[in-house]
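First subunit A sits with subunit B, and in the next complex the same chain sits with subunit C.
What follows is the complex of A and B.
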């Protein structure tokens, strides 16, 4: 590959007034031997851009170093074909002159270092080779309930083939056997027959030429990657296990729904005392039976115990939900469903009194209309309070309910003929064994090179269900990682579909508690993500969060020591391994974060434009003054590209000074930092290393889930290296930084610089 | 992907979180152009004015940064913006293939040459109230509108700029980026589909006369609280009250300010409980001596948001009072507020003194009023309900909604609805 380097230095936006640009040009020429090195006073203007374009055409420049503003600015202007031109942006404005005193030697040195780092990177960077392939684009929908049916029909509507797998003999899922639901469009103040629309949807799915349906079936295994998943489908009935069918699909919508919370665990609320104490689901079944599956509109609700018409009934809300000992979350649908059931009682048994015992009534949005209507009904009593006792009087065949802390002070006693427990939703996300760590075994503890390679510990790794639904043949576990309480939900507020298994999107009430109205929308969103994933992947482009990135890591396998750290630490389970522990990388599952590259102790993993070697050469290009004066301390900063780097930009926009001792290298994620860089930097004479990256823990902000946490964990391993070099461990520090923490940066940096000064200069300086 | 049968772009009205999400989800799935029409001079919408999101207490900018990167790296110039623009007319295309839309774009005084060097604002002599901070501070008449402005350039407020009688900014700009003689543009687009992603505004709580907003300076709204807490806000992130800039400790949050009230907003705005819990938590974090009290009817924290409620309830300095605030009056001597509270748990009427009151103003869908300003062809079906939400989409006509234009939703659910709307658009154009 030709390496025709062109360095273009902008002197606009006060760069020329703050720096000696002529000197910059000269040092850039001396250090980097470019084909072209010039300055221009308005590089992003038409004249400046044309200059670059002409050099590309005439002088065959293919490695551009644009030393001007931040890579986040003017991207539309400095926009060259990434497959043939490498564009390296050097941030002389936000990261140099806007945060440093003008016409100062240290500011000048800062600018020189940044240009040399940019040039070193540009020289070593190769062009991406996108992995363009013909891929299978069929959508596998697991689950034939409301969400699954909608996912299937909506995929077919955009022309995609669908494989729909339903474990039961009929489609329609949970609601199918029930009676009524609340209205699915404004004003949401009525009840409608549950099968309204559902039978039609089922028949549309069943008659669609694009949808292949497997009923009575389940997933035996899923292997492969987006665009090339191999799915084994087997009969749900184990006795009939002979036949396994193989299907190839492109992406997966997991719409496995929910099950009611186990009723027998509600014995503390009297479940089991009498048949007249039943769950909301059992009440629905009773309605369905009494209405002869919806054939009859009017019927009398009768007691299960003796068949007499119910005259008083109480509902206990949050039966199991919002309870640390049962389901810690709110099941979201039970308030509306109890109000609906109350309305049906009042319609069919007009003399009946209905009590709804609740903590908070949750009828969000326009569902409030339904609640308001129920409040107007004189036969419905809303009782805010906590149930303190349930008893059954066998003689009178009555159920006693004691409620304390009611709105009107004090306790009340109710005697009712029927009691309904509004039990919650449990996601069907596979059988989870809580308290068990993911079964990750530490690999070969020493590497071939003799470098220490301590076992990696899965950091904040989510619980992965043992088996049941998708049965992924993935190294990191069989099911979707659980975010909380078994819901494989996204932890990103801005990106609700971001699952941790590329190409697999949970939808509906398996993802979070939701009703049928929202499940329909959710199914559509998941389908969009499913087809988007295969479309982007087939073009060789990454999906979220590095959408459109065409690079991906290469594994130099002959040098692999089978330590398994990459396969363990990949946040997205993209890497499988063979029996020996050699990684089997799946580029279609990869999100391009570089966590594997950071993990690898023998540095065999690299991207075309981002690698241990490229960053090492950037570090090597730094000028480290030997004279130990205050201004000569050198601090290397690894900054997360998405949050810390922009925070530095914003600081610049606000023209707030920052120590000129720092040299910033943006990284895809702190998790991509390879420990060798610390050694490279410290042996070069860098005095301290500061990591600026995202928050970790339960509310992690790292877009690669656990990159920043892994960086923190790996720093533990670093101590040994530092000890070997006889260096203080305080020379490396990680700070969790949010985008908006820019005002804290001066203090963070100054504090660290002072710490390093107190330790004294790196003794390796000048070696 | 099968081919699309309509090459015209999609019109997305509103460049907030929902509109931008819908644009990205469409263009990353199919080769289709979109036009985002945004009233303000920047993309990002109301969420950029938030200090932190619930339940993670993370800043909105980190997701926005990813979205702007997605826009910048998108292929084929498929994502287009018309900022400072409003839709004036929508008519059906005669051949039935979509709509002809007339858009009015305010004069673009600043062109793409702008490098945000900031020299213009240094010489600008005029101040304007800063709408980004709900008028709690000022900027120059030429200004950077938001923390993470996209497209990255300055704006001119034509209500405050003196134009030809000043021109100082034009003179100082080295990049020929300012033209104060710029004229407005009328743009006509043929579009295949329309997504309403028009968002919301806080309910005008001055209408709740008993609560004293507009009369008493220390009664503020939840959205103003976000700006007070923000480091880039009018107080640099110090939560102080407007009357005397005193750091507040005893703050009353009044839930359902307008919402769940048939005379105001009959619906539940769905986000205000979580928002007030968030604000109480960050107030506690910023000022450990603080003791917020939340006056509520029901605490609505669905799904795993329950966790967030638990987090607030564990803090004994956050008080919960199920009660209705009947009236607020001011103690003129101190600027404190006196609340008449009917405690629903005890039935007693109590007085409560607070240094500052935060009204949890409900979400009012913008489209309810905006639709009145747009001339819409009589044969176009836009099913807007009595509260101003477009819940029922027009699948045959290719008219969809996302975010709070559809239903009272939080950021997370707005993203869901935008992704769903993106699929609707593709379905509407799929050549099968």
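What follows is the complex of A and C.
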């Protein structure tokens, strides 16, 4: 491979006024022996870009070092074919002149170091060789409820083949055989027939030529990767002797919905005392029965115990929800559903008094209007309070409800004929397998509810202990990992629909509790993600968050020691392994974070343009002055490209000075840091190493889920090494930083620099 | 609140909805109303408490509640309510409900529910007055009769003044006793020592004659004189002026009727008191409130129930016909003119007294100071009990 290096230094945006550009050009020439090294006062202007283009054409420059602004700026201008030209951006503006005093020797040294690092990286970097394949683009939709039907019809609408698998004999999901739903459009003030529009949707799905439907079926196993998943579909009824059918699909939308929270766990609220105490789902079922599946509108709601018309009924909201001993979360629909039921009772039994005891009434968005409407009904009484006791008086056939801490300023007692426990939704995300080989320890709070709240996974392994839904033939387990409480999401805010299994997108109430209106939109979102995935993957490009990245890790397997760290630590389960433990990498499942590269103790994993060797040579290119004065301390900063690097940019934008002792190396994720870099840096004479990465823990912000946590975990091992080298472990520090924390950076850096100064210079300096 | 089984009454909820324009069911108990209320206290968190009791139709608790009478409808709560639930208007509705609850005859409830019932009731009384007048004095004055002969003050006293005074006295006393029973006697938690009834009596008089709590309705920064010049006391002072005028005239007419019928016998001081002060007070006050109710610019006049209109209009007409009658006597109109003006005046005055005083809006003149008195009694008794408990 020809290495025709061209270094272009921009002197615009005050770079020329703050730095000695002539000196920069000269040192860059001396250190890196480029084919071209020039400065230009307006590199991003047409003249500057043409200059680069001419050099590419005439001087065959294929390694560009553009020393100008942040790599996050002017991406549209410095946009050269990545397959033939490596473009390395050196950030002289945001990371040098905007945060350092102008025309200062230390500022000049900082700029020189950055250009040298950029040039070393460019020289070593190879061009990506994208994995372009002809892949299957069929969307597998698991579940034929509202979400599944909408996912199927929307995929078909935009021209994608669909395989729809439904375990029951009919499509339509939970609402299919129920009675009424609340109005789904403003003004949300009445209840409508639940199957309004549903039958039509089902018939559209059933008549679509692009949709292949398997009813009474479930997934036996899924193997492969996006674009080439092999799905085994078997009958859901075990007695059925039908054969297993194989389908190949490109991506998967998991719309498996929810199941009601187990009613018998609600015995603390009186469930089981009398047939008149029932759950909200049981009340819905009672309605389907009374209405003869919607055929009849005029009926009276009768007590199950004695068949008399109900004259008083109480609803207890958050029954087994928002409770650490049961479901810790809010299911968002129970308030609306109780209000709807209250309205129905008032319509069918006009003399009935309806009581609603709530923790908080939650009617999201415009549903508030429905709540307001129900508030106005003189027979509906709502109060905030906590149910303290439920008793059943057999003689009077009455249910006593004691409520404490009410807004009446005390406790109240209610006597009612019927009691409805508004309990929550549990995601259908697979059942927990209690196997011996599964490590379920490492600080996980196993909740009393068992199935609903699986324990969190220990840091070092992403093993999923569930099965029964997708039954993935993956090394890390059969189902998608949970984000929390059994919901297989990746991050509720940043990456909706994205599970931690590339190509598999949960949608609807399996992803988070939601009603049918939200599920319709959710289905569309997940379908777009599923399509994006197969399209990107077939072009050899990564999906979010490193969208369009065409590199992928290369495994030099002959040197592999089968330590299994990569297969265990991959946040996305991209790496399977053979019987011996040799990794079997699936590039289509990969998100290109580099966590495997960071994990590998023998450094056999590398990307074409990002590898242990490339970063090592960047570190090697740094100038480390030996004179132990304050300004000569050198701190290496590994900054996460996703949050920490932009935070540094914003700091620059605000022109806030930062210590000139630091040298920043952007990394794909802190998880991609290989421990060898610490050794490289410390033996080079670097005095301290600062890691700036995302927040980890329960509300993590890491774009690759576990990267920053893994970096912190691996530093545990590093500290032993440091002690052995008689180096203070404080020389390496990790800081969890949010993008918006940029104002904290000067303090963070100064604090660390002072710490290093108090430790004194690195004793290996100059060796 | 005691831990008793809650009984909700949706008929009551409906009734409270009918007698006012509050959207009290819209309340979600944020407590803003009580927080901004200048009169509400920690022990008496009105109107928040009343909002939920009304929303739940808790008859027992509402009937024994004195707090609606402690509210003067400054409207701060309604202005600040995030749900536009109109807590101020609810307190007004509850006063209407309470008036009908103290009234054992059931007439109030009828009058509050239907404006036609009120019209008919007024017509019946007016007709009764006409018939009584016709029996006593005929439909024409006898030719050549003096005023004293045509409309004998004695007969007016015997057949109009005294009976109405006794009627109103009996009615109001029984209603107030009813109120006492429901709000004080029913409260098992408080035993009021007999002595307190006398030592606290001053508060009854003080509040009756000053309506001092009205002034507290404005808790903004600033001295009283500044507030006075800024007009913040206008409503209070006008209301007080109207009430004092009314009381002066009522007492004057009941006990000193002949002064009014004879221009010469009226002492100089009384001319000032009755002819000027009280007449001006009555007419100015009613006009002021009519204007406020028409313009609807301030919270307390935003909504007008039909009984509000009826009361203020009857009072205004009573004042106008009264002034006209007095003028016709002073300026020596023909006896027949005075005779008819007198009749019209009584046909307005009596419905006002018979209907409005015990059964409708007027009664707040009696209930409000009494309620403050009862509330003071209960509070004092409670603090006495607590002191005793601490000592023992």
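Operating definition for what follows: the second predicted complex is superposed on the first by the 730 of 767 C-alpha atoms of A that agree within 3 Å, B and C clash if a C-alpha of one lies under 4 Å from a C-alpha of the other, contacts with A are read in each partner's own complex, and residues count from 1 in each chain.
Here, a contact is a pair of C-beta atoms (placed from the backbone, for glycine too) under 8 Å apart; a residue touches a chain by one contact, two chains touch by 3 or more.
None of these values were measured; they are calculated from a predicted model.
Enquirer: With both structures lined up on subunit A, is it a clash or a fit for subunit B and subunit C?
Expert: clash
Enquirer: Touching A:377 in the superposition: subunit B (first), subunit C (second), both, neither?
Expert: second
Enquirer: Please indicate which partner A:361 is in contact with in the superposed arrangement: first for subunit B, second for subunit C, both, or neither.
Expert: It touches subunit B and subunit C both.
Enquirer: Look at A:353 in the shared chain and tell me whether it touches subunit B only, subunit C only, both, or neither; answer first, second, both or neither.
Expert: So A:353 only meets subunit C here.
Enquirer: Where does A:154 make contact in the superposed view: on subunit B (first), on subunit C (second), on both, or on neither?
Expert: After superposition on chain A, A:154 lies in contact with subunit B alone.
Enquirer: Now for A:60: first (subunit B), second (subunit C), both, or neither, which partner does it touch?
Expert: In the superposition, A:60 contacts neither subunit B nor subunit C.
Enquirer: Counting residues of subunit A touched by each partner, does subunit B or subunit C come out ahead?
Expert: Between subunit B and subunit C, the winner on subunit A residue contacts is B.
Enquirer: Of the two partner chains, subunit B (first) and subunit C (second), which one does A:412 touch, if any: first, second, both, or neither?
Expert: After superposing on A, A:412 lies in contact with subunit C but is clear of subunit B.
Enquirer: Could you name the one stretch of subunit B listed in 40-48, 184-192, 346-354 or 364-372 that collides with subunit C in the superposition?
Expert: The stretch that clashes with subunit C is 346-354.
Enquirer: Overlap the subunit B and subunit C contact sets on subunit A and report the shared residues.
Expert: 361, 372, 384, 407-409
Enquirer: In the complex, go through subunit A and note every residue touching subunit B.
Expert: Residues 12-14, 42, 44-45, 69, 72-77, 137, 154, 157-159, 185-187, 322, 328-330, 332, 360-369, 372, 384, 405, 407-409, 483-485, 487, 489, 491-497, 512-514, 518, 521-522, 524-525, 527-529, 531-532, 535-536, 543-545, 547-549, 642-643, 646, 650, 653, 655, 694-695, 699, 701, 703, 738-743 of subunit A touch subunit B in their complex.
Enquirer: So in the complex, the part of subunit B that touches subunit A is made up of which residues?
Expert: So the residues of subunit B in touch with subunit A come to 1-2, 17, 21, 24-25, 28-30, 51, 53, 55-70, 72-75, 112-113, 115-118, 144, 147-148, 152, 174-175, 230-232, 236-237, 260, 262, 266-270, 298-307, 310, 322, 344-347, 385-387, 389, 391-392, 407-409, 411-413, 415-417, 419-420, 422-424, 426-427, 430-432.
Enquirer: Mind pulling up the subunit C residues that touch subunit A in the complex?
Expert: My answer: residues 1-6, 8, 10, 13-14, 17, 23, 25-26, 28-29, 45, 49, 52-53, 55-57, 83.
Enquirer: Going by the contact rule set out above, which residues of subunit A touch subunit C in the complex?
Expert: Interface residues on the subunit A side: 353, 355, 361, 372, 375-379, 381, 383-384, 402, 407-415.
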